[in-house]
Amino acid sequence: GAQGADVLVAVAANFVRPAERIVDDFAEVHAADVALVAGSTGKLYAQIRNGAPFDVFLAADQRRPALLEDEGLALAGSRFTYAVGRLALWSAREGVELHADTLRRGDYRKLAIANPELAPYGQAAREVLSRLVSLARAQERLVTAESVGQAFALAATGNADLGLVAAAQAQRAGHGSLWLVPESLHEPIRQDAVMLARSRDNATAAAFVAFLRTDARAVIASLGYGVASR
Amino acid sequence: MSVDPCRPASSLSDFAALAMDFRLQRADFGLVVRVEVPLEGVTAVFGASGSGKTTLLRAVAGFERPDQGRVVAGTDTWFDSATHTDVPPHRRAAGFMFQDTRLFPHLDVAGNLAFAARRARADGGGFDRADVVTALDLEPLLRRRTGSLSGGERQRVALGRTLLTRPRILLLDEPLAALERERKADILPYLEGALSRFGIPTLYVSHDIDEVARFADRMLLLSAGRVQAHGPTPQMLERLDLQPAMGRFEAGVLLAGRVLRRDPRLHLTWVDVGGDEIAVPEITGAGGAEVRLRIRARDVALATCRPEGISIRNVLPGTLLELTPGDAPGFVEALVQLHSVRIRSRLTLAAVEELGLAPGMSVFALVKTVSFGV
Amino acid sequence: MDHGPVWLTLLLATVTTVGLLLLGTPVAYWLARTKSRAKPVVEAVTALPLVLPPTVLGFYLLVALGPLSPVGGFWLELTGEALTFSFSGLVVASLIYSLPFMVQPLASAFEALGDGPFEAAASLRASPLAAFVHVAVPLSARGFLTAIVLTFTHTIGEFGVVLMVGGNIPGETRVVSIAIYEHVETLRYAEAHALSAGLVLFSFLVLVLVYALNRRFPPHVG
Amino acid sequence: MSVDPCRPASSLSDFAALAMDFRLQRADFGLVVRVEVPLEGVTAVFGASGSGKTTLLRAVAGFERPDQGRVVAGTDTWFDSATHTDVPPHRRAAGFMFQDTRLFPHLDVAGNLAFAARRARADGGGFDRADVVTALDLEPLLRRRTGSLSGGERQRVALGRTLLTRPRILLLDEPLAALERERKADILPYLEGALSRFGIPTLYVSHDIDEVARFADRMLLLSAGRVQAHGPTPQMLERLDLQPAMGRFEAGVLLAGRVLRRDPRLHLTWVDVGGDEIAVPEITGAGGAEVRLRIRARDVALATCRPEGISIRNVLPGTLLELTPGDAPGFVEALVQLHSVRIRSRLTLAAVEELGLAPGMSVFALVKTVSFGV
Amino acid sequence: MDHGPVWLTLLLATVTTVGLLLLGTPVAYWLARTKSRAKPVVEAVTALPLVLPPTVLGFYLLVALGPLSPVGGFWLELTGEALTFSFSGLVVASLIYSLPFMVQPLASAFEALGDGPFEAAASLRASPLAAFVHVAVPLSARGFLTAIVLTFTHTIGEFGVVLMVGGNIPGETRVVSIAIYEHVETLRYAEAHALSAGLVLFSFLVLVLVYALNRRFPPHVG
């Protein structure tokens, strides 16, 4: 059960996998019970504002942690970028040649992206598209998923022949065809973490955040994320 | 005794009577009632189909709310539009048996009886389950689902169920209509006996005057939502003006008598009716017991001289009082004064002419013993 | 496999169903029997929880039940615990969200009875309460079955509201539906398939059993 | 004509007859029927409550599936367990009127009638809406919801509805049980006339022998799920052994006669019954018209010499054929040979002894004109 | 405010409700009248779409209806369009997901009728189809109302399945529920409130009207 958990970490759905590894590593060192609560960043934010008992918030963007900081719900100065997401163009089919021209020429029926309004990966995908082609042209063959996870599902099930998804997801899938979108085509997808004000006296939470800043960097990097320079 | 709509309401006594004084409008049909029925014995409610019998009973039970007026049972006001009194049906302790039985389909017969028995008035008259089950022959049905019962079986169960609530007043809406004559003949004496034994006042709707004339103390005749007449059964049966409403073959008289003696070998009982002796089929009742004899006018013939060598047992001397036209052409109703009671006879115009019958003549009234239903 | 969510789901579905039986039945009964002019309004209100997307409803419930709201504050004072992100909060949210599934079929079943059985019961000196318990309820058995099945299964499958109000906290508010959702979201399809198959199979077996029993003891009206 | 259960099935003719030859078990109740009824005229189905009348009709209509056997109407096999034939009810064109009416509550009365009329057999007999509405006096009810109809009104609507389907065979389950005598007396002649006019064969369940004796061609007597007897009405009414089943006050004879002459002033009609003249209340029928007279044994008295000065119109000379004990103690049933027909009389033992009645004696049968119901 | 989603939502809810009336009514009728031993199984199956979380059900529908599946492939061949991410796909998904809300209350209402009305109809030479149309349906009016209200409102509020299968394409599959959801997620609370309030108010008015009309024309049995 989680009632007894020392630390409750709210984590953006796209980062659950790495977070689990990190928690395991952390537990080996600290013998502490850290529980993860996955969700969309917007939802988690709304919940924190309404009294959710989280200690640490690993968001998928920078905006929500910043808001929390402004609102005094997060510890001032605790915000930092724990991971930088990379975007990949991915197809479930093997051996497909994927590159910028694929998008430019529109060699696809449907392209799945995460909802730009909701997910930073969606936002980044939109930027890529608007740089390579006009957004209006891409629009009609675009399908928008609630989250980058669902965008991946759309591509993985073949409903969309292509998806602009998280590189970490594509890498983990271990199959299909992949083109890592150059970072020059979109603003970096900075994912910020913040420690919540209600947990200012929670030493374990502080330790976990510290762990995330330091020892976890290798794991994060190995799972398809960039890590921000300090 | 017809009802005078101008009688002031205050004259409705509130002791041991059911006072119904209300009006109730349902679309085209209006029921206007102003009548008081003693809270004892059986009051038969007659009237053509659609005359308002069921509606009257429903208003008494509390299932129809009169637009205006009062329903008072003894000292309890059940409904009064003036004071906004409206006692809910389940508190009126009126046992209503519905024309369409309304057995509970989720319970078996025993369950339906138990539903009632569990809620019986503690201080109510003594209907007990075994008694009712035996009288209505419900034993073979007890474990049966109600959905598979025959029409007559449903009625017996519904009657038993209503009796078991030990109501303060019984409202029976054609309780035996689906039963054949034989079965009725089995149940009626039980019902009659039980009602008088436990003293539960009853309003009894029936189409069949024969069915109730024997045990109804009073009759209430409805016609198009109005009380056309109301009074003790004997007087009501004598009234010629009511015959169209009561059915033309039903006219006759009801005579109170006393058992004189019995002949066990011949299975006959002689009854004294105000000085006349009438032979009827054997009655199981002690000598001196009071009985009522219903003699239908159509079963009475007249003779101007005492007939001999005839199988008709009762030849009663009397005086012809009056002759009135019957309700059908060719028929004449004769009223004959016996020793102290009067008897009614239905004749053909042909017979009246041939015998030269006229008021004042001495005649003999002939009544077959077998015309008395057992 | 973690059994916590399964257990929590069954508990939540059971508590919600029982709770709604207790709360929704009187409402449905009132709706079926009342002659009040307010009836259509109340009827409409009982259907409303369905029109908002679960997450959105969840959002409003989050606000309404949160510690800053009067309700949530009162609860906090009373129990020392917040209503949101607790099992109690989940129950409250589920009760509200599943209300239509209990009330609507029941009201429909009660109305189908008409006045007949109620008059019969009253004529046998049964109080309105007794008529309700011993006549209306058993005669509406099929309606209850429908209401219970819809409420129970819907509570099992629902997660938008639950996720929002409950917060997906393991052992406290993390039910199966959220777990499956999370598996799908985090691309652990194998786990999602296993859990879904288990849920479907289990539900299927329970439902077949329930319906088969219902058939054996038919609540037939006439 | 009682039914011999050993008669081979092949002898059931399949021309213009309804052959019912099946068994059907429902929990404790078993219905075993092997009888053939001509597909013309009216067959009255009698029997105590619970004897299986409704079940029989339901099996014919197709609402109950026999466990084994056949139901064949004319040349159409409706049910045959051997060939797994089971024509669905709506294709049997059997107009079933239910004991509990089963009006459609979502339609008004006109809607209920229209439901039936719309589906009437094109080639069926000529019941038309206006005709039925008038005969059953449904006009004032047409716009009414069925839920608010009185018991009798419901039955009239249900009867009208069934007639309007113009069925090939009518199955009427106590169609007039909720109606009072007057109303019955209005409807019966219409029904009787219409049935014979349109030639729709009918099975008619009733509790009341008087109700159907006048127009039923045959009677089928059920007892505990078995056909106890079956045959033409006159013979059935004469059979003493059936009296317990048919009700003890119902015994009598049914005589076929021919209108001789009428007296419009006295409103009498004389009917020739096999050489005897019997005066009855006025019949609206041409001279020479065939009529049936039902004379109940209880309405017949006997005399050893011709009585004088008596109001009884019909004094018929005859010979006493036999005396048998009645079904109740103290009663005797007498069979009297008139010119060519026989008549039955119910007497008291006392009368038999006093008059010294014995078979072979010459007697006079006395029958009041008024005892014939109009 | 963009009216596209509102229009699309109403269209989807209407098409789904009408579609389920056509598809679900026969199923419910069969369930209520059959004596087949398969009945409990079919009954259970019709309740199953509820037990899976909408998103998860959406995921499986995505697989089942996708162009790689036999169904989706056939559809693609037939119409030249994929079933997913189209309005047709949404309809199919909604039909499946809302099936229980139509079938269960209807089956319950039909069962409550018993055999009486059907025998009466057959005795008047009405075919089973005519008995169904002219007797069973009008006598089950209250059941239909419940089924329609539950189906319609649920389709309005649902978005897990719709989002997954529909792909949130403006003018094609972007319904109101998704729009509100987006507003909430992106902290545009004012817009979310306005849209929610509009949806609730509109639904409330429609429901009150429907229930008030239903009251005026009571479909009462007995």
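For clarity, chains are labelled A, B, C, D and E in written order, and residue numbers in each chain start from 1.
To be clear about the criterion, a residue touches a chain if its C-beta (ideal position, glycine included) is under 8 Å from a C-beta of that chain, and two chains touch if they have at least 3 such contacts.
Since the structure is predicted, the reported quantities are computational estimates derived from the model, not experimental observations.
Common neighbours of subunit A and subunit B, by the contact definition above: C. Listed by label, the chains touching subunit A and subunit E alike are C. When you average the Cα atoms of each chain and compare centres, the chain farthest from subunit B turns out to be A. Subunit D and subunit E have CA centres that are 55 Å apart. Averaging Cα coordinates per chain places subunit C and subunit E 19 Å apart. Distance between subunit A and subunit D, defined via averaged C-alpha coordinates, is recorded as 89 Å.
Work out the mean CA point of subunit C and of subunit D, and you get 59 Å between them.
The set of subunit B residues touching two or more other chains comprises 100. Across the assembly, subunit C contributes residues 55, 59, 116, 184, 220-222 that each touch 2 or more other chains. Multi-chain contact residues of subunit A (touching two or more other chains) are listed as 43, 46, 150, 153. You'll find the chains touch as A-C, A-E, B-C, B-D, C-E, D-E. Touching subunit B in their complex are the following residues of subunit C: 116-117, 119-128, 130-131, 134-135, 138-139, 141, 219-222. Of all residues in subunit D, those touching subunit E in their complex are 61-63, 88-90, 93-98, 100, 102-107, 115-116, 119-121, 147, 161-162, 165, 167. The touching residues of subunit B, when paired with subunit D in their complex, are 26-28, 47-50, 53-54, 99-100, 140, 144, 148, 150-153, 156, 173-174, 177-183, 207-208, 244, 247-250, 263, 266-268, 279, 281-282, 298-299, 301-305, 307-313, 328-331, 345-353, 355, 357, 366, 368-371, 373-374. For subunit A in complex with subunit E, the touching residues are 40, 42-43, 45-46, 67, 109-110, 112, 115, 117-118, 142-146, 150, 153-154, 157-160. Contact residues on subunit C toward subunit E in their complex (touch as defined above): 39-41, 43-45, 47-48, 50-57, 59-60, 100-101, 104-105, 107-109, 111-112, 114-116, 142-143, 145-146, 149-150, 153-154, 156-160, 177-178, 180-181, 184, 192, 196, 199-200, 203-204, 207-212, 214-215, 220-222.
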